[in-house]
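Letters are used for the chains, namely A, B, C and D, taken in the order the chains are written, and counting of residues starts over at 1 for each.
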Amino acid sequence: MQHFSLDAAHMFAGGMVLVSFMMLYQDRILGLINVFAAHAVVLTLSVSWQAYIQDAPHLYITAAIAFGLKAIGIPWALHRMVVRLGIHREIETVGGIGPTMLMGIVLVALSMVVMLPAAAEADPIAREDLALALSVILLGLLMMVTRQNAVSQIIGFMSLENGLILAATGAKGMPLVVEISVAFSVLVAFIVIGVFLFRIRERFDTVDTQALDDFREGRE
Amino acid sequence: MGLILDLLVQGTQMVLVLVLAPGLIGFTRKIKAHLLRRQGPPVLQPYYDLLRLVRKEAVLAHNASWLFRNAPYMIFATTWVAAALVPTFAANLHFSWAADLIAITALLGSSRFFLALVGMDIGTSFGGIGSSREMLFATLAEPAMIMIIFTVALVAGSTQLSEVATFMVTHTSLRVSLGLALIGLIIVALAENARIPVDNPATHLELTMVHEAMILEYSGRHLAVIELAAALKLLLYISMIACIFVPWGIAQPDDGILYLLLGAVTYLAKIAIGGFLMVVFETSIAKMRVFRAPEFLGGALMLGFLGTLLLFVSRSF
Amino acid sequence: MTAFLHMLPFAPINALLAVPATAALILLLVSSYRLGAWINMLASGTTFLFALTLLIERPAPGAGYLFVDDLNIVFVVLGTFVGLTTSVFSASYIGHELEIGRLKPHYLRFYHGMYQILSLAMNLGLTANNIGLMWVAVELATLTTVMMVGLYRTQAALEAAWKYFILGSVGIALALFGTILIYMAARPVIGEGHDAMVWTALVANADKFSPELLNVAFVFLMLGYGTKVGLAPLHAWLPDAHAEGPTPISAVLSGLLLNVALYALLRFKMLLAANPLAVAPGPLMVTLGLVSLIFAGFMLYLRRDIKRLFAYSSIEHMGIISFAFGMGGPLANFAGLLHMTMHSLTKSAIFFAVGQIAQVKGTQKLSDIRGLTESHPRLGWGLVIGVAAIVGLPPMGVFMSEYLIVSSTFAREPLLAIPLVFGLLIAFGALTWRLIGIAFGPPSASVGDAGRQPSMVPLFIHLLLVLTAGIFLPAPLVAWFENVARMLG
Amino acid sequence: MAIAVALWCVIGLIAVSAAAPALAARPQPLGTRLVYGASLILTGLLLLIGIAALLGGADFQGQKVLPIGLPWIGAHFSLDSLSAVFLIIVNLGGVAASLYALGYGLHEEAPGRVLPFYPAFLAGMNLVLLSADAFSFLVSWEFMSLSSWALVMSHHHEGENRKAGYVYLLMASFGTLMLMLAFGLLAGTSGDATFAAIMTAAHPDWISGAVLVLMLLGAGSKAGLVPLHVWLPLAHPAAPSHVSGLMSGVMTKVAVYGFIRVVFVLLGQPQWWWAVLLLVLGSLTAVLGVLQAVMQRDLKRLLAYSTVENIGIIFIGIGLALAFKTNGMGAAASLAIVSALLHCFNHSLFKNLLFLGAGNVLVGTGERDIEKLGGLIHRMPRTAYLFLGGCVAISALPPLNGFVSEWLLLQAILLSPDLPQWALRFLVPAAGAMLALAAALAGSCFVRAFGVTFLGRARSTAASEAHEAEPVSLKAMSLLIGLCLLAGTLPGPLIDSLSPVTSFLVAGHMPTQPLMPLLSIIPINESRSSYSGILVFGFIMASSWIAIRVIHNFASRAVRRAPPWDCGFPNADPATQYTADSFAQPIRRVFGPMFFRLKVDAHMPRPGDPKPATLAVTLRDLVWDFLYAPISGWVMFAAERLNVLQFLTIRSYLSLVFAALVALLFLVATWA
């Protein structure tokens, strides 16, 4: 049983990393949203599994939030937004998909190198989980950095957050996990609302930067 | 008793330089005229000139200030004091402790300072030219003089002229540094006294004059005092050269009257020879352009510095 | 006094949270902005008083989510004090903004409510005896300030708020991961559950934690909370957030929020320092500190907006403070604490002045603000004194801390003192250059009146405190700071 | 006891300062008089304390620890013979300036910008002298800078002055940071920064060396050592004239005090290369300073550059003292240090005097540009007389005081062949030559300054309508010139009074100056050299009196006024006079190409062309060109480059965070 639970947890976490890579590979927004939904589903599974093996029922709440909000709610909202703003075209990437993937592989390797010896004393589930969660986080960041489109950046941030939830649930007996995941959901909601409200269309840097220079600091 | 004699000798010296100075000018003019195959004025002509000037009324420009009227006396006084402090026929006079070589140089500096100022007082362009050039020469001549003093002082172990003279009499030796210093001192003396090749004391060609340009506006007694001061300065330099480099014959105040007389005679001979040599040099050379003069004086500065350095080096061996 | 405290039906430490929370609720309901401002001041004042009672008697350690020790009480008292003075300043400032129509009354209800929530969040962050709780508090503080930065609803303000929000969120995410790692490190030693996130327990057992895990955790915490502190290269949100929000918020950001984040960093630094095998956190802090100092120093030169200028100066000072704490040792820690206190007071005072300047001149553009000492003598000289203090001229308090930092560093690590002094000079050159432009010369046109009377009071109170500290530090304060400095190791 | 009184006086000054804004707001003559009157009384008291502490010895010296400042050690204040000397210098200047300002201050347009800072400035300078621990010293030092900066900024409408204020503040802060580093090294890790503790601690050679260099940077920048002098000629003239006098005459001396205090008292045994450094810098400073002064057209800036020169002379003296001290030549070292201290004293007198004179000119005409002045001797005879006295004194001409100190310094230089180090033996005579050159150039400079300003004919209506200054201002100047004469004619007692300082600093002292015969001063022994100021003065007076008597009694006294002669071509236009620039032309021509990268563009139109001829002279300040301009260029370059970071997109900022994270993770990974 011990062995199996470990393998399963490992599989879910690995699945998340895999889905993260898929997101990096996507170059269409709608596709990306779908993959993100898949990411959230895998997270839900992983968290539920942790709730089961750790015998921590409160984690089911986290799993439910993950599923309800991230696998269904937000993708649906983003779908509508993308359609309404008419930006369901190609995503501009910085540096191209290939190098980004390569970079992603390097990051995964880095997180392994960093985490595995570091967490040597922690129990194996946690150790694997932590390493994989770090990979997910780094990949999410990478995504935010290499995508120029606001929606895909949001998705990058949310996948980063998924990695955090993964890590938090993987840490056995960690208190406040639910609170934290709720807090994060609020954050994410804010971001989505922000994008929606302020019509941040193409990129985070909103409007015409030239016009802003007049008000802000232009170069002398 | 000793004190009275001291004071007496000191007083004699002060009067002596005053009396001798115009004579030296007359003497050099006479020699110069002879060298140029002219008759020349009598040797006593400067005395006559001074007397005549003193008796005349002074003409002052409308905007001459109090400084203009008083400066001639300051110029005269500082020069006279300086001249009185240089041993002439006797060394170690009572008041010789009041000032050493550096102070004497500075006293001459004071007189020049006032001379340059009065050159600017009336607000004429010639006065300004004269002052400006005079100060340029001074900026080079003064450091040269200081370096020469260094050389001499390091050899003699004192900046006190009487001590230097005594030392030179007792420790005669030929030294390269002293030779360099002598040449430097001569250059400085020529420049300071507005002699050829730096300036021409006889000229009134406006653009070439320096000393004369400054005193262009003076007349009457003021001019007389300034002329006398200039004559004193020439005498001072020749006495100084004599005192440092050929000090033989200088008497001590407590020597007998005979020695004092002997000193006086040798002194007269020394300044006569000095004046003669100067005139010979002057007649054999042409006046320089104004901006060659800095190089000439710069040479003196280099010589003085070299002299000092050589001494510093030779000390270590 | 102690007896009086015992008669209270609640512990003062809880009041630190309860008062702002209640006030926030009330404020969200009150529509009159004048009344709102008064309630805001009253609540801030009450909170400050309760913070002062903590000096007299502290709650017993151990139980509960909150705790007070020598370290955080410095921050709490300082924070609630600046909160109070800023609320006083804010009352008159906001009134003027309302008059000129930059703000609408219903925004103000929101503004005052947020102000108290921010106060709550910061008090919670400072007194939380739980790293998870602290993280939540810092996130709450971030969110409220994001709201307030965007209060003017101008394009630029929204942009600034957005930038702040995004960068802050990423920072907060990194900090969370670090927190999780700390928990992971603690769990095998302390055991599962709540205890493994309690400060007091963590510090007591830190020497038995896995050093490798602590190292990685510190990297994340340093970057996460470092973003909040505004250390370069994580600083990008800070200048714009300061420049585009209402000025009281700039004052709170510089005077308070940065300190809260710094406090979190210090806590984790103590944790690492307690473990002999973990990598020393000092060099990392020193490096980031120096980078921030020098970078911000250069950035000061080409600023065109007065508030952004002083925002960069905050980055610079945060750099100095991290440098000092990174150096460690009783002298440098003492200097760091002193510098932090002085910077809070001085920088918020400067922002008080700047807010009024922007109001009387009708602009934040540096080139349009000239000759203040002539057109508005008190304001102008107030700014001159403030800037003189912030650049470290005696007899102000910052000079003392800079003296301690520079001289102690040079005695220990001469090579580190050189970039430090270089950075100080660079920043000095820029700030004084700007100061001379602002305060002297023929005055530029003004639009409004010279500002209301009450808002000069916080400015001069702060400056007076800074001046006093530069000349005379009371012995109890010194002893207390020394104690904290020793605690920080 | 005396120290307590001194501190109370300082507190009094600060209190006056604090009360001044209120006084400045009142109807004017009263507030101004109260502030300056109070400053006068307090500095007078401090002056008396200084004199008592120097002459009265241990009875009037002492220590006091106040519980302020740095918490662990408190603020230490002490009064010893060295601080007493400078206390005298500072407060003598303070007395004169305050007295002067009783009149001059009434012309101030914005008294609110001067009155509050003036007493604070005096207080700051006094505090520096009294401080006996590093922290109080630095606080006082920077307080002094800050208050004088505020005074520099008092006429802030002129862009020049604002620039001056900026450069000044920046350099002052640079200096303070250098001092901070120096004291950091001296105090070591213990942090015990009292002077007593520093003195007893042993410092390794490299630390003393580093401290010396830092002191040169720190104190040197305040004193105005080349190449750190650039702020001085900008800032000193910008302040009101009595403050300029204090800054130039007195504050630079406080910097010298700081240097002497640290290098001679705190550091212990010097090393010989220190002297080399000081001699080189001192000579360079003296010559460059005076050359700049000769070129200036702004009267006050000219005076400021001349301060740079005099600081150079003082540092030559200090360098010599170090050289002798290293080699255990106590008597020679004491001669050198006495010459430096005496020059500090003398310079404070005559530089103050000259700045006050410049203040009179400024008030009387509203002009600082000497090209627009001229003929002031007629309209302002008393100012002219006093200014002339200052010029004579600063040009080192007997019988005034400037000569005495330079004479002593030359005597000290003459002792240098006994030094064992080769480098020093070559360097000292060179320094002597530079000193002589500087002195001669100073003469030229002041002939020009006085001649163009006061003599000749007025070059502008402002000059022709000038008016004389208030009597009280002239009294202050008379006080200074009187002291100049006194110090010049009777230097013996002054030198004697310095002997406790010399034995304290260099463990040696000059021979006790005999009061008789002839009241002369003797540096080493009688046969070497001697000088009697009083006798020279008496001689000059007597002989000029005799000359005047003789001529007036026995010859003509008649005077006739006539138009000027001018070789027959007098021109009534004042523009035909020699100008300041033309006066400086020969010197410019000789030294310009070397020191100023002189460029002369003379354009003569062809014959028949009616266009005017033009002459353009450009002088570059090499120090500025090669040191400061590149530095500010680099700073601005870096600022421009880094400024790009203000305009990045959020994505780029995130990339920065990301890069930092990855880099740190790599670091941790490789560490483990």
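FYI, a contact is a pair of C-beta atoms (placed from the backbone, for glycine too) under 8 Å apart; a residue touches a chain by one contact, two chains touch by 3 or more.
The structure displayed is predicted, hence computed values, not measured ones.
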Inset, instruction - Mind naming the chain pair that shares the most C-beta pairs in contact? - result: B-D
Inset, instruction - Using mean C-alpha positions as chain centres, tell me how far subunit B is from subunit D in Å, no decimals. - result: 35
Legend entry - CA centroid of subunit A to CA centroid of subunit B, Å: 99
Legend entry - Distance between the centres, which are taken as Cα means, of subunit C and subunit A, whole angstrom: 31
Legend entry - Whole-Å gap between the CA centroids of subunit B and subunit C: 78
Legend entry - Residue list for subunit C, restricted to those that touch at least two other chains: 162-163, 166, 170, 212, 215-216, 302
Inset, instruction - Going through subunit A residue by residue, note those that touch at least 2 other chains and give them in order. - result: 114, 117-118, 141, 144, 204-205, 217, 219
Inset, instruction - Could you tell me which residues belong to subunit D and also touch two or more other chains? - result: 640, 643, 646, 650, 654, 657, 661, 665, 668, 672
Legend entry - Chains grouped in pairs wherever the two touch, ordered by label: A-C, A-D, B-D, C-D
Legend entry - For the subunit A and subunit C complex, residues of the former touching the latter: 114-115, 117-122, 126, 130, 133-134, 137, 141, 144, 157, 160-161, 163-164, 167-168, 171-176, 179-180, 183-184, 186-187, 190-191, 194, 198, 200, 204-207, 211-212, 215-220
Inset, instruction - Would you mind writing out the residues of subunit D in touch with subunit A in their complex? - result: 640, 643, 646-647, 649-651, 654-655, 657-658, 661-662, 665-666, 668-669, 672
Inset, instruction - Note which residues of subunit D are touching subunit B in the complex, please. - result: 374-375, 377-378, 381, 384, 388, 391-392, 395-398, 403, 407, 410-411, 413-414, 416-417, 422, 425-426, 429-430, 432-433, 435-437, 439-441, 443-444, 446-448, 450-452, 455-457, 517-518, 520, 526-532, 535-536, 539-541, 543-544, 547-548, 551, 555-556, 558-567, 570-571, 574, 576-579, 582-587, 589-590
Legend entry - In the complex with subunit D, residue positions of subunit C that touch it: 162-163, 166-167, 170-171, 174, 212, 215-216, 219-220, 222-223, 227, 233-234, 236-237, 239, 279, 284, 295, 298-302, 331, 371, 373-374, 377, 388, 391-395, 399-400, 402-404, 406-412, 414, 417, 421, 424-426, 428-430, 432-433, 436-437, 440-442, 470-473, 475, 478
Legend entry - Interfacial residue positions of subunit A with respect to subunit D in the complex: 94, 107, 110-111, 113-114, 117-118, 138, 141-142, 144-145, 147-148, 153, 203-205, 209, 213, 217, 219
